[in-house]
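In what follows, chain A forms one complex with chain B and a second complex with chain C.
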Partner chain A sequence: MKQFYDFKVEKIKDLSPEDKNLREEYLDLFYKNGFPNKKEEDWKFTDLNSILSKNFDNITNKDFLLDNKKLNFINEFEHNHIYLLDGKLISSDLTYEDRNKISIIDFNYKNNITIDKNNSLNLLNNALAMGGFTLEVSKNYKLNKPLIIYNYFSKDIKETIINNKNSIILNDNSELTLINYIDNKSKDNFMVNSMENIEIRRDALLKNIFINNSKSAGYFYKYIKSDLEKNSVFENYILSSGLKFNKLDIEINLNQEYAKSTIFSALNLLESEHQEIKTRINHNSQNCQSYQKIKNVLSDQSKGVYQGKIFVKKIAQKTDAYQLSKALILNDDAEFDAKPELEIYADDVKCSHGSTSGSIDLDSLHYLKSRGIPEKEAYKMLISGFLGETLEKLIEENVKFFLLKKLEGQINGN
Partner chain B sequence: MKTEDLKNTQEYKYGFTTDVENIRAPKGLSEETIKFISKIKKEPKWMLDWRLKAYNRLKVLKEPNWQKPKYPKINYQDLYYYSAPKSASEKPKSLDEIDPKILETYKKLGIPLVEQQRLNGIAVDAVFDSVSVATTFKEELTKKGIIFCSISEAIQKHPELVKKYLGSVIPLSDHYFATLNSAVFTDGSFVYIPPSTRCPMELSTYFRINASETGQFERTLIIADKGSYVSYLEGCTAPMRDENQLHAANVELVALDDAEIKYSTVQNWYPGDKNGVGGIYNFVTKRGACRGKNSKISWTQVETGSAITWKYPSCILQGDNSVGEFYSIAITNNFQKADTGTKMIHLGKNTKSKIISKGISAGNADNMYRGLVDIKNKASNSRNYTQCDSLLMGNKCGAHTVPYIKNNNATSTIEHEATTTKINEDQLYYCNQRGLDQEEAVSLIVNGFCKEVLQQLPMEFAVEAQKLVSISLEGSVG
Partner chain C sequence: MLSIQNLEARIDNKNILNGLNLNINPGEVHAIMGPNGSGKSTLANVLSGKNGYETKGLIKFNETDLNDLSTEERAQKGIFLAFQYPLEIPGVNTNIFLRTSLNAVRKAKGEKEIDTLTFLKLIKEKASELGIDEKFLSRQLNVGFSGGEKKKNEILQMKLLQPKLSILDETDSGLDIDALRIVADGVNSYKNKDNAFLIITHYQRLLDYIKPDFIHVLSNGKIAKTGGAELGIELEKTGYANIS
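Then we have the complex of A and B:
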């Protein structure tokens, strides 16, 4: 197979000799494994290596290009923001908040995120990562407005890989609604490989929303590791349709009692888009709750994958864990693969999962048509009902309205 | 001594050994061993070539290691690949010529071959270590044109059928254990049902591992020709030993147009003792091909024995409108481990499959359902329904569910659900209140939990299986 990538640690400026050596070691480890393929259990349904080799001639890493772009703000609702260009923190704006309570700084590479040595993309990230941010919310502070992270990508990143790391810390009893917003109109192929470390301390609440402005020819992989303390809540809403390739790899550790996590996903995939959600929920303590609802609508030659694992430790009695994946397949060339997995070592638990995939319900379609709604409209109604349901639990009305509008736009093919 | 004996029979009542003189192949896996087996079976050259081809393939294959239950490395050179009672070296022509000791063994196992000849309506093929010792009811079956004999006999007498179908479902180079089996398989059953024939009785094979340091590698091939029906039962036991014995069988089923095969297994190999010493490694490849239109293959299994069970009876639904079914109960207690499930590959149009899996885990055991449902691009209007339920008893065991679900067709539907719970305390309380003690109550509830699968078994087996379910869980409560 052709070699379609060429990565060099030297391209990163201002590294100490020790750092450089360490990064070289990680790069060597990456080269040993290469990009993941179907032989790895975590990539059972996706051969990333062959996908990349088909779509790239030579991926390289670069130092930052500073092509400052004007932000296109979302003006549907008031918000704070962080501006990231090619993964680097450019600016932040906390107009609506008490600035002493939140800090946003460049990611400190002294605090490495622990990784799984078998995950070659993590190894690559450790070798090449630059930029990124650390966000910390002080004790008892609840943000007044949501915080949007504008992820912009510059024009000249064709055949380039961007690696970065972020860290988000919510101290005791704090609250934050975060929107990860990718904006890029370039038709050129590029790759983004990021790692995020999230710590949610006692009684804190984090809402993490993923959405894109437009279609993108980017190939995204994001690994999120999160640790939850007592009584904390972590909610995820994934609506990131429109990317050429996207895999979200989410690990949630429910480390103390009464911690709770949810993952809701609504994806409408078109053309040859590929989206994958991989989750690993570790119930490490008793009385914790986890809930996952993954919904996909697949058209054209798109492919959706869900690999979810619930792991219940021996001591995690009274666990309540649920997993549901539902897919509508609208074309014979589209594909949906799922692996909803349970690994359970405690006996007093309530764990279940369900998974369905199939065509749109013909009875419902008939019902709508018999009431004078044209078939195309009826399809759209059913799809938006199917996907929109995942946002029911989101309380922020203005954000919800914005997301539903985006979803509608995706369904109409914008 | 007496009480000791009694205790043993309580735990695993088939744990005795039979003292018969054996003929063995030279120890270890080599070309010589394969030639020895082929020679002693008086096989034609094409069969030996086939075996050697498999052996050559085996040399480059690696043992798989993705399974959940890990086991110490098996030394394949330290095993006997062929062991047969001396008295059977000349195949007995009638039951009268069989070594009485072997007949006695089967009697102890509850399979009195002699009486069965006259009374019971089940035709039995009994396999003792590496050879088939007796097949009953031959005449009556022959009248209908049904072939039911050992695979060694079929290789000699019906080479055209064997050549056509052997390895057509499980290819030579499929995976390590299947290839190993292809190289060294010793005996097993062969069934051919001619077109438009309904097999008048249940066919049954009873497998027994007797000799120590032996691996059992049997091969079963069942062909149901157009419009035929057959129900086939399989039972297995082994003596109690403190070594781990390998059992790597291959079972191939072929159903042509409108044919139906029902394959039931009650697997009760020696599971090892309470501390996890000894027991059988049950690494079996079972696969059925619904090759014809409207064909159907149904697997039912009750897995209570073996130290490690690692198998996935599968259906390849090639013919349009074909149906695949899988009903399974897997019970693991003490240090037993199971990694079992099924694969349903939908290729033809309007194909349907159904999976019902019940896993029960007690003691320090680990029980895993692993299954694949794959609806391919051309399999329009196909359906799958999967239900896997797990029951945990105690907090030292594990129950795991790993389904792989692939759908590549817009008109096909897959439904999957799974639950993991412990025994409902309200139900237990209700039973206790009505005078059942804890163990009886658990047994009753577990039997109810398994009912959907037990119902699929032929009557004679269902009773045995129900008892087995209770015995396997004895001592796991409280």
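Then we have the complex of A and C:
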């Protein structure tokens, strides 16, 4: 197979000799493994090595391009923001908050190293990461407004990889609604490899929303490792339709009792888009809850993948874990793969999972048409209803309204 | 208004309707009764243009051949079917559905689309006439509604769309006495000399509230007997056994 990548630590400026050596070691490890391929269980349905080799000639890492952009703000609702350009923290604005209660600081390589030697993208990230942020919310502080992370990318990004690392810490009884917003219309291929470490302490609540503004030819991979303390809540809403390739790899550790996590995903995939949601929920303590609802609508030659694992430790009695995947496959060339897994060592638990795939319900279509609604419109209504239902639990009405509007745009192919 | 001549319908290689004839004029209320499996719901489905039926025969609606029209075109021209089992549509907001439907019908008639505020005022008024709690309108369409709530929602749609011909397919099933009265009042208040009703039912009790001009007994996919309102009362006593 042709070599389609060429990564060099020396392209990163101003490294201490010590950092440089460490990074070189990670890069060597990466080169031993290469990009993950379908022989690895975690990449069974997403042969990244083969996908990248078909779509890239020579991916390289660069120092920052920093082609500064004018932010195109979301104006549907008031919000704070963080601006990331090529994964690097450029600025932040906490207009609506008490500035003493939140800290946002620039990337610190040493503080952000995560070692999972089985994940070669983690290795690559440890070798090449150049930007990111650490966000920390003080004890008892609940943000007044959502915080949007605007992800922008430079123009000359073709055949480039961006590696960044973020860290989010919510201290006891704090609350934050975070919106990961990708604003990129690139028709050039590029890759983004992110790692995020999330700590949600006692009684804290984090809502994490993923949405993009438009279609992008970028290849995105994000690895999230999260740890939840007692009575904390972690909600995820994923609406990343339009990205050529996206894989969200989410690990949630419910480490103390009464911690709760939810993952709602609503994807409408078109053309040759390929997206995967991979989750691993570790019930490490008793009385925790996890809930996952994954919905995909697949058209054209698109491919959707869901790999969801629920792991229940022996001590995690009274676990309540639920996992459901539903797919609508609208074209014979589209594909959906689901691999639900339960690994349970406790004996007093409630765990259920289900997976269905099918096409549009013709009786429902008939019902809408019998009310004078033209077939095409009725079709779209059913699709947006099918996907939009995943946002039912989101209580911020203005954010929900915005997301539903985006979803509708995605369904209309914008 | 509606003229059905020698209608035959098949589904899955089974003949359901076998030469049915029926004429409905403006201002008339027709009831269709008959035993299970006699083809009542098939007739409703065929009139609404549901896919899957092989049909023969003529169905004319105000001089238009219905066989040439899609389901949505039939609705836009003024045919309304109140479903026996209204469908639950997750994720579709009832209000948005109702407004989309109303505007689709208005647009087809060459009328201006109605804006959100005017619509909300209108729907609030119509809902309160039927004793429908406004909260239902902001919920997902029929999801988690009780049987009675679903049927009331059908009548609400009828009153909103103002069809010329309303087909009520066992609208009385699953209704308690109070809901039955509300639904019947809804129909009676909409009835006028320009529109017509085709009421499909198993029981006389709905016809105590909505007085039919004609009652037809359907048997083996044909109309076996036609009479006035008194026929229903007779059937209640004697059953369908003597009619074939």
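Remarks
Keep in mind that, in the parts below, the second predicted complex is superposed on the first by the 412 of 414 C-alpha atoms of A that agree within 3 Å, B and C clash if a C-alpha of one lies under 4 Å from a C-alpha of the other, contacts with A are read in each partner's own complex, and residues count from 1 in each chain.
The criterion applied here is as follows: a residue touches a chain if its C-beta (ideal position, glycine included) is under 8 Å from a C-beta of that chain, and two chains touch if they have at least 3 such contacts.
Note that this is a predicted model, so its numbers are computed, not measured.
After superposition onto chain A, the partners chain B and chain C occupy separate space and fit alongside each other. Residue contacts after overlaying the shared chain place A:K117 against neither chain B nor chain C.
Using the contact criterion defined above for the overlaid structures, shared-chain residue A:L387 touches chain C, although it does not reach chain B.
Of the two partner chains placed by superposition, only chain C is touched by A:D363; chain B is not. An angle of 80 degrees, to the nearest 10, separates chain B from chain C at the C-alpha centre of chain A in the overlay.
Once the two complexes are laid over each other on the shared chain, residue contacts for A:H353 go to chain B alone; chain C is not touched.
In the superposition on chain A, A:E375 makes contact with chain C only, while chain B stays out of contact range. After superposing both complexes on chain A, the closest C-alpha pair between chain B and chain C lies 16 Å apart. The contact sets of chain A with chain B and with chain C never meet. Touching chain A in their complex are the following residues of chain B: 66, 377, 380, 390, 392-422. Across the interface of their complex, chain C is touched by residues 361-364, 366-375, 377-378, 381-382, 384-389, 392 of chain A.
By the touch rule above, chain C contacts chain A in their complex via residues 48-51, 70-72, 74-76, 80-81, 83, 86-87, 89-92, 97, 100-101, 104-105, 108, 140-141, 157, 161. Partner chain B is touched in their complex by these residues of chain A: 41, 44-45, 314, 317, 327, 329-359.
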